[in-house]
Amino acid sequence: MPASQESSLRHRLALQLDPMLNRQDGLTPLNALVSAVIMIGIVMAILQTEQTIYSGNEHWFRFSELLFGSIFLLEYLGRLWTCVENDSVKSRWHYAFSFMALADLAAVMVAFSVYMGNGGILLRILLLIRIIRLARLGRFSIALDCIIEAVRSRGYELLISAIFAGVLLLASSTLLYLVEGHHQPEAFGSILRSAWWAIATLTTVGYGDVYPITGLGRFCAGLTAITGVCIIAVPTGILASAFGDALSVAKERHRTLPKILERERERD
Amino acid sequence: MPASQESSLRHRLALQLDPMLNRQDGLTPLNALVSAVIMIGIVMAILQTEQTIYSGNEHWFRFSELLFGSIFLLEYLGRLWTCVENDSVKSRWHYAFSFMALADLAAVMVAFSVYMGNGGILLRILLLIRIIRLARLGRFSIALDCIIEAVRSRGYELLISAIFAGVLLLASSTLLYLVEGHHQPEAFGSILRSAWWAIATLTTVGYGDVYPITGLGRFCAGLTAITGVCIIAVPTGILASAFGDALSVAKERHRTLPKILERERERD
Amino acid sequence: MPASQESSLRHRLALQLDPMLNRQDGLTPLNALVSAVIMIGIVMAILQTEQTIYSGNEHWFRFSELLFGSIFLLEYLGRLWTCVENDSVKSRWHYAFSFMALADLAAVMVAFSVYMGNGGILLRILLLIRIIRLARLGRFSIALDCIIEAVRSRGYELLISAIFAGVLLLASSTLLYLVEGHHQPEAFGSILRSAWWAIATLTTVGYGDVYPITGLGRFCAGLTAITGVCIIAVPTGILASAFGDALSVAKERHRTLPKILERERERD
Amino acid sequence: MPASQESSLRHRLALQLDPMLNRQDGLTPLNALVSAVIMIGIVMAILQTEQTIYSGNEHWFRFSELLFGSIFLLEYLGRLWTCVENDSVKSRWHYAFSFMALADLAAVMVAFSVYMGNGGILLRILLLIRIIRLARLGRFSIALDCIIEAVRSRGYELLISAIFAGVLLLASSTLLYLVEGHHQPEAFGSILRSAWWAIATLTTVGYGDVYPITGLGRFCAGLTAITGVCIIAVPTGILASAFGDALSVAKERHRTLPKILERERERD
């Protein structure tokens, strides 16, 4: 590694910006700042939808948008400048049209957009993808891998459970449609309408906006509730244990990873 | 196995239609098509019950019924023709009066039936049995075996849990009937009526259409809810672990099954 | 064992009536009949509380009461006559005033009581104790032992969970009382009233008859719901695993018990 | 240890009051009495908030406050007198200004305060800290350690689950805000308002005060409920198993602790 490159501002900035170059655990200070700005931006976007909070504080929301937009713009320019430090990036031109760079550009434009209606919120939530990217080598990424690993390792069991849950949903919806459809056409007048009741019952949410009123309907609903509680518990239990297994594997890997990286550095 | 039979169209069709002849994992292309048609037919039957979707699209539903009916008819005739390829079928006459063949005939008639009221929906859901049959050697069958195996292996525990849940249901229904019956005769005026509240509470669905209003009633309901959450969790946990055990056994068997079949074929 | 005694009617009846003399698994035919009569009696007592079923069928209910009362009376007299066959019973006089004999007498009187109001139902449910007694050596008794064993073996963990659940209940009730008390005095006007909401929330029953309406109240309620779901799950999980452990121990004992008894008989 | 000191009243009182001096398991008789008084005081504070109970019984509540206040005052004075028996206390002056002594003084003042409004209840609940302190070496302290240990040992898993639950909460709130916001501005008019619905759904509490009414909204709500039930189950399962592990470790330690202490005494 030549000394001139190491001492250069660009390299140091690249180490700060690019999580792939930085093998340390966690976020770099600069990325932590950007993550914080994204988080605050999301919170502000949430608060902005509430008229009772937004009214009278419009200038604060405008000001923060300008500030966050400027930070994102600076970060975007910094990335464009430093991207060539990463050996896996072919040229600045290639990087500028990569998915991640375009996502960053979109983030800048989102932050600067004055109009913050429904579309703006959707885009802001897409900013969450950027946090995940910044934290690539951090803990969050391991968590994502665990979830994916957990779902994949028990994919078969989950599929079967899902099929049974689906059949149960269909059966109970049809049953209640047949039994209660004539008495409450608004709530159980079709299988689709009954399905809304069936989901609320099988997940035990039970909003109580629709419920059977006839004796036979209540008997069927009771059977559905009891069966549903048992059936729904199965994928839940499988997912919980799979997630636990995947996490313990990931933790082990995580604990041994720094040592492996250290040894590799010593070898260099 | 004579070459003439193997090359015949009938044998090839039989391999496509009869899951018992086809030892491969999953569905044959023809059975996959029939399954898809059944699935779409069920979805259409569900949508048909919703007047806001059905009104104005009657001709589409009529057309799809005719189309699906024709496919089922062709499949039924194909099965009648090829059934003698399966050594376990004595004669075409025997097959025609078997439960499965009659179910297929019913399916054809269901699909062709112009009137698609409540009865039609029930029959369509019976079509699901055909999917299970088509997938006999596929994954769904293993899943069914697992559920049956899980329930059988812990039948004793589940029975005991069910008894306790039943006693709890009876006790809490009686308690609330005694305490709240005079204040809310419509909701708690008999043990049967209280049972509707008790099921909604013990499964934690909690529709909220009926609930105690007196202090004593609320105290009893609170006790019921807490006890119920603990008691209901027991069969749920047992079923989840039993299902997990049965699945891991089934997976092991599934993994070794193709090798056993291969060895048998080599021996032939 | 003298032959005269073995051949006597009294001894054979005693073997039928007294579960302690009968070392076989399950109920004797006579006890099975009595259990069935008790079960049907309880079902009829439940149906009797529902006016829409009782009205017009009074004579059927009256007739079944007379019939069941006669069966219970015959059984009671039979027990009085045969009780001296059991070596652990000192004299017929002692037996007549034992708790179990008095319970039987009460059952006879309950069955004959013409007036079947609330008190009658309570007494009928007490008849369940008789079923448990009849099944003394049967499966139900093992289930009862398992529940008791499960609760005892994890009594410490359950106590601690209960304390935490209690503290959480108290804390959330107080919180909502302070936050929502002024806005909804009817629902949250005292800690006791808030507790009704807190139990419905912590057990996730959520009737929806009372709920916070202010922003701060909803924030606290949300925190309560999330914390509650986690805390309530702990005793539930403990109880489920303890019950599973106790059952597997009981099953093992149950499987080896007949062999031990057989060996003892051979020794005699 | 001089005999004069051992025989003194002060030393015996110190053994009764200070849980650190008393190495026996559980509470001393005096501390048990004080704990009971605190418990009754809290129950009375709860009942006092309910006007239908308080009205007409004001004098009983006043009297019990005076009585409990006197007991706390005596206990406080006793502690001040005996504190020097504990070697870890430097001087009576130091003790008087320690956190625990000030908490005791606050408890005395709380008990004597005539006005028992909202503030009084909050202070009374702070009295619970005193019970924990009195039971320092008792079972409750082990339970607290277990909870802390359980949360710490699985802190990583719980954090990840919390992040996913949070993302799910945010995503479903935004979804329903976009879909239902225009139809029900009161219930889904902002992401914050939707979050109230989302928490009630994800925890399966389902109050039923707000729920989607459009077809698309119900579809999204159904998806949220099903996903939520699976995701929320993960931290619940982790916490339950972690608590179980921590408890079994604590039980082992608890069983061996008295033996270790005994050996130490024999050595003295």
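Each chain carries a letter (A, B, C and D) given by its place in the written order, and its residues are counted from 1.
Note that a contact is a pair of C-beta atoms (placed from the backbone, for glycine too) under 8 Å apart; a residue touches a chain by one contact, two chains touch by 3 or more.
Since we're looking at a predicted model, the values are computed, not measured.
Undergrad: Strictly by the touch rule at the top, which chains does chain A share as contacts with chain D?
TA: Output, common partners of chain A and chain D: B, C.
Undergrad: In terms of CA centroid distance, which chain is the most far removed from chain B?
TA: D
Undergrad: Repeat of A-D among A-C, A-B or B-D, where over half of the residue-numbered contact pairs coincide, is which pair?
TA: More than half of the contact pairs of A-D reappear in A-B.
Undergrad: Between copies chain C and chain D, are the contact residues mostly the same numbers or mostly different, with half as the line?
TA: Different: fewer than half of the residue numbers at the chain C-chain D interface appear in both copies.
Undergrad: What is the distance in Å between the mean C-alpha positions of chain B and chain C?
TA: Here chain B and chain C have centroids separated by 34 Å.
Undergrad: How many angstrom between the C-alpha centroids of chain D and chain B?
TA: 47
Undergrad: Could you list the positions in chain C whose residues touch two or more of the other chains?
TA: 192, 200, 204-208, 236-237, 241, in rising order.
Undergrad: Can you list the residues on chain A that touch chain B in the complex?
TA: For chain A paired with chain B, touching residues are 156-157, 159-161, 163-164, 167, 170-171, 174, 177-178, 181, 189-193, 200-201, 204-208, 211, 215, 218, 221-222, 225-226, 228-230, 233-234, 236-238, 241.
Undergrad: Going by the contact rule set out above, which residues of chain C touch chain A in the complex?
TA: For this pair, the touching residues of chain C are 204-208.
Undergrad: Name, in rising order, each residue of chain A that touches chain D in their complex.
TA: Touching chain D from chain A are residues 42, 45-47, 49-51, 53, 118, 121-122, 125, 128, 139-140, 142-143, 146-147, 165, 192, 195-196, 199-200, 203-209, 232, 235-237, 239-241, 243-244, 247, 251.
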